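Two complexes, one shared chain (subunit A), two partners (subunit B, subunit C).
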Partner chain A sequence: MTSALLALFATVVGTVLSCVLSCLPGLHVYNVMGLLVLLIYWLADLGITMPAEVYLPFMSSMIVGWSILNTIPSMLLGAPDESAIFTVLPGQKYLMMGRGYEGTMMTGVGSLAGIFILVFIVGPLAPKLLPVVQAVLRGHMHWVLWVIITYILLSEWPKGGNSGPAGWRKFGDAWRSLAAGLFTFFISGIMGFILLNRSPISTEMAFQNIMPAFVGLFAIPWCLLNIISGAEVPPQHIADSMDVDGSVILRSSAAGGLGGGFAAFFPVITGGIGGLLAGHATAQRDERVFIMSQGVSKVLYYTGAFMLMFVPGLGVTRGGGAWMIKSLHTPVGYGDYYLIMATIAIAGAVSYLIMSPLTRGVIWLIGRYNYRYVSAVALAIIVLLVYLVTSWAGLFIMAVGTGIGLIPVLFASRRLNCLGILLLPIACNMSGFGHKIADLLGLI
Partner chain B sequence: MKGISHFASGVAVTSFFPWAIQAAQESNPMYFILGGAFGLLPDTLDFKIYRFFYKHDLYIEPDPLKPDPQSIADQLAASVKAASESKKLVRVKCSTIRMGADAWQQYVIKFDTETDEVLVKFGPVVNTGQVPIPGASKMEGEIGRAKIPCKLFQSYDATTRVDIFDGPTFGFASDGKGGVIMHFLPWHREWTHALTVGLFFGIIGTLIWDWRAGAVITAGYSVHVLEDQLGFMGSNLFWPFTRIRFPGLHWMRSGDAMPNFGTVWLSCLIIFYNLYRAMPSSIYHFNLLHVLFYGAVVPIGLFKLALWFVNRGKVAETGPIELEDEWGDKA
Partner chain C sequence: MTTDTLPGHEQQPEGITCSSCGRFVGPLNKCPHCGARVNKRLSVHVTRYAAVLLATAGLGLLYLYSVNREIPTIRIGDIKETMNFAYVTIEGDVTSEPRVFKQAGRVRSIRFDIDDGTGEIPVTAYSSQAQALVDAGKVPRLGDRAKISGSLSVSADNNVLMRLQSPAQLTLTEPELQVTAIADISQDITDPSVLIEGVITAVREPPANSKAPWTIVVKDDTGEIPVAFWQDIHAEIEEPHLLEAGAKVSVRAGIGSYRGNLQLRMAGGKDIEFTGRADIRSMVAGPGAPVMVAQATGPAVSTPRYSPPAGGRPQTESLMLDEVTAEKKGSRVITEGVVREVHDPAAGSKAPTRIIIEDGGTYRMVVYWEKVAQQIGNNKPQVGQRIQVRGDVDVYRDEVQLKVTFPDQITILSAAAPVAAAQMDVDYAGGPADLGEAMPAGQVTTAMEGQVVTVQGVLGEPESLRSGVVYPLTDASGTVKIVLWDRLVAGSARDALDTGITVKVRGPVKPYQGVAQVVPENEQGIAVVQE
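The block that comes next holds the complex of A and B.
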């Protein structure tokens, strides 16, 4: 009984803490979890042991809360993490129409649908189905990754070459954005090789290795764009209801569930890629479905990947959160699985309840202060956090990442190409020739 | 169909070749990459290369300072007339109207075959996200209307919306009996969507790599062409031996959600089953029917049932045909 109450308390505290974290643009939940893991090790050195019934629900609920509530800065402040990259444009559209609250709450409903899928569909079926899937696909992950890279690179739509007579000039105009996309992917990939093999960040901060790069690639270019464009945000309407029905929720759940689930199960496939694949595969024209499906996808990606570690008989570890927990705890049987499922359900419900007041708060902030100033403050917070967590080396990586992240902004190419930072080096490593490339680059 | 459907089909077809799976298990993903890439290649050739070199007889480029729907309608009607009189294919490109760095005047073109008219209606001024810009739409609702001087036939009963980036192309060709046939995107599914071209690329692949690669390339390319034949537009299946597009089977529209999702999902299940078949031994035992039943029939059936339940009593909406439906999302 005491353990159950302790777990419940840890869940609620973890969720509330995630509220604060999720509203700080640029700060990833894994950064905080990394620091917590270091803290637990430090306490253990002092002879103080933290029970698993406390840190498991605490950290799980932080992941759940963050995956739901981090939509707020992505949509309203335009400072996304990679998995929310596709929510920024529709989010800003809604904001510019005075419907920022409605747009954010739509992703909230999507997140709640994601929690429902995890607890009531994936939860009971996963121990029976996923070990079979894993047994069949285990030796094939590397080529699936290559196939997805191929699709990402081939599927970008040319943005230029829209007017004027036919010929090379028109072709060149169209291929400017495509070439910039390919360049972004490969230059990010080289950066990934460098960070994997010769990271300038000290080993004590090993959990934070990729954070400054991601912040530079994805969040800072948006903030800079917001500051430069100086957009005026119209007064926001706090709607009593949302323009959604059962059909929209169902279609969003299918699209987001597919993309997020795929990203959660396959290594290195991120939430952003899952969102892209789901959007394409389900061919949804309805913007409401798109926005809501991104909420579903993000929850399934972060929380679902974390949950996989606890599925009995599966033996799969996916996502930074799971790897950190694995260094502290080895899941055993259905007890841990049920604990995690209950945590996800409670944290999901609490997060959704928190979402409305938190969104109203951020909207008040945007209305009270100029959007340009809010973006500038968001940028300052991001830079400060990167400095505090990773020091000057991290700021340097962040600056390089920003340079690369601005290429898609300037050439109107797909920002997801920045994910070359993960995809290229890891796909090469999984296919067994990563070390040759690293050697070629003079990194080993 | 959408790009991802063709791509997934190309990978699924590749999984039927045992050597492709064996190579993949030995850390060589080449055959699967080729299968997916050549599954997508026909559209890649059209949308990323060929259309930029496709010459048009008339470029309708409305003046952004003084856009006029009547002028667009008149030029389209004149093109139909020119095709009827000249007996030649008249190719017309309708450009987008860029009003500013992030502002586009939206307009809709409709060929009304009942009243023999072409209608051009101005919509709102939208940003690149296709969202109306408040206060910018001074001409919204203005209509241009022009009489078509002969009978017009169209395989695509399209209302074409033109707003951001690229505009559509229409080809008007005389039917030899006084009427004119309208081809939507005449540069699309022409020579690139031919089974013979798939065979040609297969031979090239054989010369570069080996006959296995050639087989994968031909299979991936051909499955794209055959899938497209299920739609409205059809393809020129045996170019250069044939010159026009064979009519499609009209079973689906290229942007429809269910056929696209169904193709991707079915491809995933087929890949999964083929990988299972290639396993030397397994503690799990199932057959293709199990995979299809538990992987497709049950979940899709339950989803459709739930969708029917929440949609009962509502009328399904059909949207205008979008240029990107022929390719994929712009995300």
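The block that comes next holds the complex of A and C.
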């Protein structure tokens, strides 16, 4: 009973902490989790062992809370992580129309639907179904990954070349963003090969090898853009109702569930890719469905991927959070599974209840203060975190990542292309020739 | 002085009118009317290409920085949880016979253990890397010195694994072995493998369709000993037709035991070298009771049993504790003392267990690592007990210590000792009968979770796990999976098992993915019934 109360307390505290984290644009929950993991090791060295009943619910509730509440800066501050990239356009439209609160709450409803899917559908079925699915798909992951890479690259559309006389100039105009996208993907891929084979990060902190690169690719460019952009946020209307009905919720759940679930289960695939695939596959035109499905997708991706680690008999590790926990704890049987399911349900409910007042608070904040300052503070915190965990080598990697991450922003191509950092080397490794490419590059 | 500009010139944005004549010039850099150069503002679009250039240059620098940086060499004992995914180099000795897992003729993985003196970890190469190792003849052998670079996988419960990413990053050095007289071979030899020279006196070929191993008997002037090897190793022997009685051979093999008798185990086809022929009838019988076997094939020929010779070279020196000094470094000694302190390593640490013993005011440290600690289990020496230690003298940080590599090297002498550690046996001390009566394998179900059962049957094709191996065990009633975890079953015990041999296994039933599995809790839970 004491353990249960301890777990409940840790869940609530973790969720409340995620409120603070999620309101800082660009700050990823995994960055903070990395620091917490180090803290747990440090305490262990001092002879203080933190029980799993504390850190498991604490960290999982942080993931749940962040995956739900991070919608607020995504929608209101225009600083999404890469998995929320598709929320921005319709979201910004809502924001500019003064409906930012409504858009945020719609995404929150989608997130709540995602929690329902996890707890009431995935939870009971996963131990029976997922091991079978995994056994069937295990030998096919590599070519599925290549198909997805091909799809990402081929589905990018030209952003220019629509007018003017035919010729090289028009051709170049049309191909500028496409070429930038391809360039970003391959240059990110090479960076991935370097970091996976010869990372300059100290071996003592190798578990955070990729973190500075991700911060550079995704977080820093958005913070920089927020700081230098001159967009004014119009006054926001706090609505008492939302323009959604049962049909919208169902369609959003189906689309988001498909994308987020796919991303959670397949290695390397992120929520952004899942959202892209789901959006295209279901061909949803309704922007309400679009916004809400991103809430579903994001929760299923982050929380679902973490949950998979605890599914009895499955034995897969997906997502940065699960990889970090794996070094602390080996899940055993249904006890841990029920603990995580309980945490997801409680943290999901608490997060949704916090969402409305937190959104109002952020709206008040950006009405009173220039949100560029918030972005500047977030940027400072992120850089400090990277330095604390990975030192100067990490800052160097972060700087290179920032340069690459700015390319799609400046050339209006998809930021998803930055995921080449993982997609390309891991697809090559899974296909059995990654080491040959690394050898060709002189890395091994 | 006034300037001659057109009306409204002042209001026009800079860059689209001529700063000299004031006429509209649009995007042109030179005024078409007066020929003056027109100053343009720097286009934001241009800065985009600067970003591309910067990113490319940064990546280039990162690449140069990375390739010019040595892959860090670390000690196994220093591996920490935060080193997950670290790409490192480890140098050490191969301490287990590498296992090659195949499926449908393709090599799926290769696995072996490496020990650098501070600890031991398993190394695994998967699919294409494993196949490349086999193709290049770079599968390590027991006792080889290996330098390996690869990626560490560190998870909870001190579960560490190194993944070899490229065959080029495995460098092997064969140990320079001196020829060992057969009479001198015993479990006391600390080297993982020995080199013997002699004449084959018997060859036992496994029956057709059997997966039992080959056995040859090698004899020298001091005795004789059986040497076993699997059929795939037989296929690697360059001149297998020379494998017959009377052939002079030089054999490199690991030391093991089978049913309580010493046995050498060959790990590769290159480990045997044919050096000529001898007439075995003319050989003088050695102390090992010679066995005259002509072309011995088939079940009619029995494997000669090895008898320990009298007067063999002493391997271990018996010393008082104060005689165990730094000068004895590298030698194996037997000594005694009273346990004064016992220090267990911190959870998750790769450090050894340290026991301080004292005798006549002299203190020495005895160290052993996790594998030995697991095998010792509850029989760990306690403070106040007098123990006898057989170990290798080493000096670590200017301190003399005794390294223990097998649990039976520690014997508790005091009467209060709960169980003498010397009674333990890392090999198969217990016979099949000790494991109790076997139940039908087909009747082991998930409903029996936690129950300890005994099953007997033939082992099928093994499947490599991250930290162990799974064998299907089949009897007349069906099949049940046997899971041998590295942390529970010693490598020497796992290496003795292979497809086709009949074993008896005892352990608790643990369901996994809806399938019942029997998981022996130590090597005493496994007994070979028939090879």
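Definition applied: the second predicted complex is superposed on the first by the 401 of 444 C-alpha atoms of A that agree within 3 Å, B and C clash if a C-alpha of one lies under 4 Å from a C-alpha of the other, contacts with A are read in each partner's own complex, and residues count from 1 in each chain.
In this section, a contact is a pair of C-beta atoms (placed from the backbone, for glycine too) under 8 Å apart; a residue touches a chain by one contact, two chains touch by 3 or more.
The model shown is predicted, which means the values in this text are computed figures rather than measured ones.
> Do subunit B and subunit C fit side by side on subunit A after the overlay, or clash?
When both complexes are placed onto subunit A, subunit B and subunit C end up side by side without any clash.
> In the overlaid three-chain picture, which partner chain does A:G139 touch, first (subunit B) or second (subunit C), both, or neither?
first
> Considering only touches as defined above, state whether A:G432 meets subunit B (first), subunit C (second), both or neither.
In the superposed model, A:G432 contacts both subunit B and subunit C.
> In the overlaid three-chain picture, which partner chain does A:L443 touch, first (subunit B) or second (subunit C), both, or neither?
In the superposed model, A:L443 contacts subunit C only, not subunit B.
> Determine how wide the angle is at the CA centre of subunit A between the CA centres of subunit C and subunit B, giving a multiple of 10 degrees.
Vertex subunit A, arms to subunit B and subunit C: 110 degrees.
> Going by the contact rule set out at the top, does A:V400 touch subunit B (first), subunit C (second), both, or neither?
The answer is second: A:V400 touches subunit C but not subunit B.
> Based on the superposed arrangement, let me know which partner A:A179 touches: subunit B (first), subunit C (second), both, or neither?
It touches nothing on subunit B or subunit C.
> Mind working out whether A:H329 is in touch with subunit B, subunit C, both or neither, as first, second, both or neither?
second
> With both complexes superposed on chain A, which partner does A:I228 reach: first (subunit B), second (subunit C), both or neither?
Neither subunit B nor subunit C is touched by A:I228.
> Rounded to whole Å, what minimum CA distance do you find between subunit B and subunit C in the overlaid structures?
Between subunit B and subunit C, the minimum C-alpha distance equals 8 Å.
> Where on subunit A do subunit B and subunit C both make contact?
Correct list for subunit A: 135, 432-433.
> Quick check: in the complex, which residue numbers of subunit C touch subunit A?
Residue list for subunit C touching subunit A: 47-48, 51-52, 54-56, 58-59, 61-63, 65-67, 69, 71-72, 74, 80-88, 127-129, 149, 151-152, 154-157, 159, 165-166, 168-169, 346-348, 511-514.
> Which residues of subunit A touch subunit B once you look at their complex with the stated criterion?
Against subunit B, the touching part of subunit A is residues 86, 89-90, 92-93, 96-97, 132-133, 135-137, 139-140, 142-143, 146-147, 150-151, 154-155, 157-159, 161-167, 170-171, 174-175, 178, 234, 245-247, 250-251, 254, 276-277, 279-285, 414, 431-433.
> So in the complex, which bits of subunit A are touching subunit C?
Result: residues 37-38, 41, 44-45, 49, 128, 131, 135, 180, 183, 187, 190-191, 194, 196-200, 203-207, 209, 313-314, 323, 326-330, 396-397, 399-400, 403-404, 406-407, 410-411, 432-435, 438-439, 441-444 of subunit A touch subunit C.
> Which stretch or stretches of subunit B touch subunit A in the complex?
Residues 2-5, 7-8, 11, 24-25, 27-29, 32-33, 36-37, 40, 44, 47-49, 52-56, 59, 61, 95-96, 127, 129, 131, 134, 165-167, 255-257, 260-261, 264-265, 272, 275-276, 279, 282-284, 286, 303, 306-307, 309-311, 314, 319, 322, 324, 327-331.
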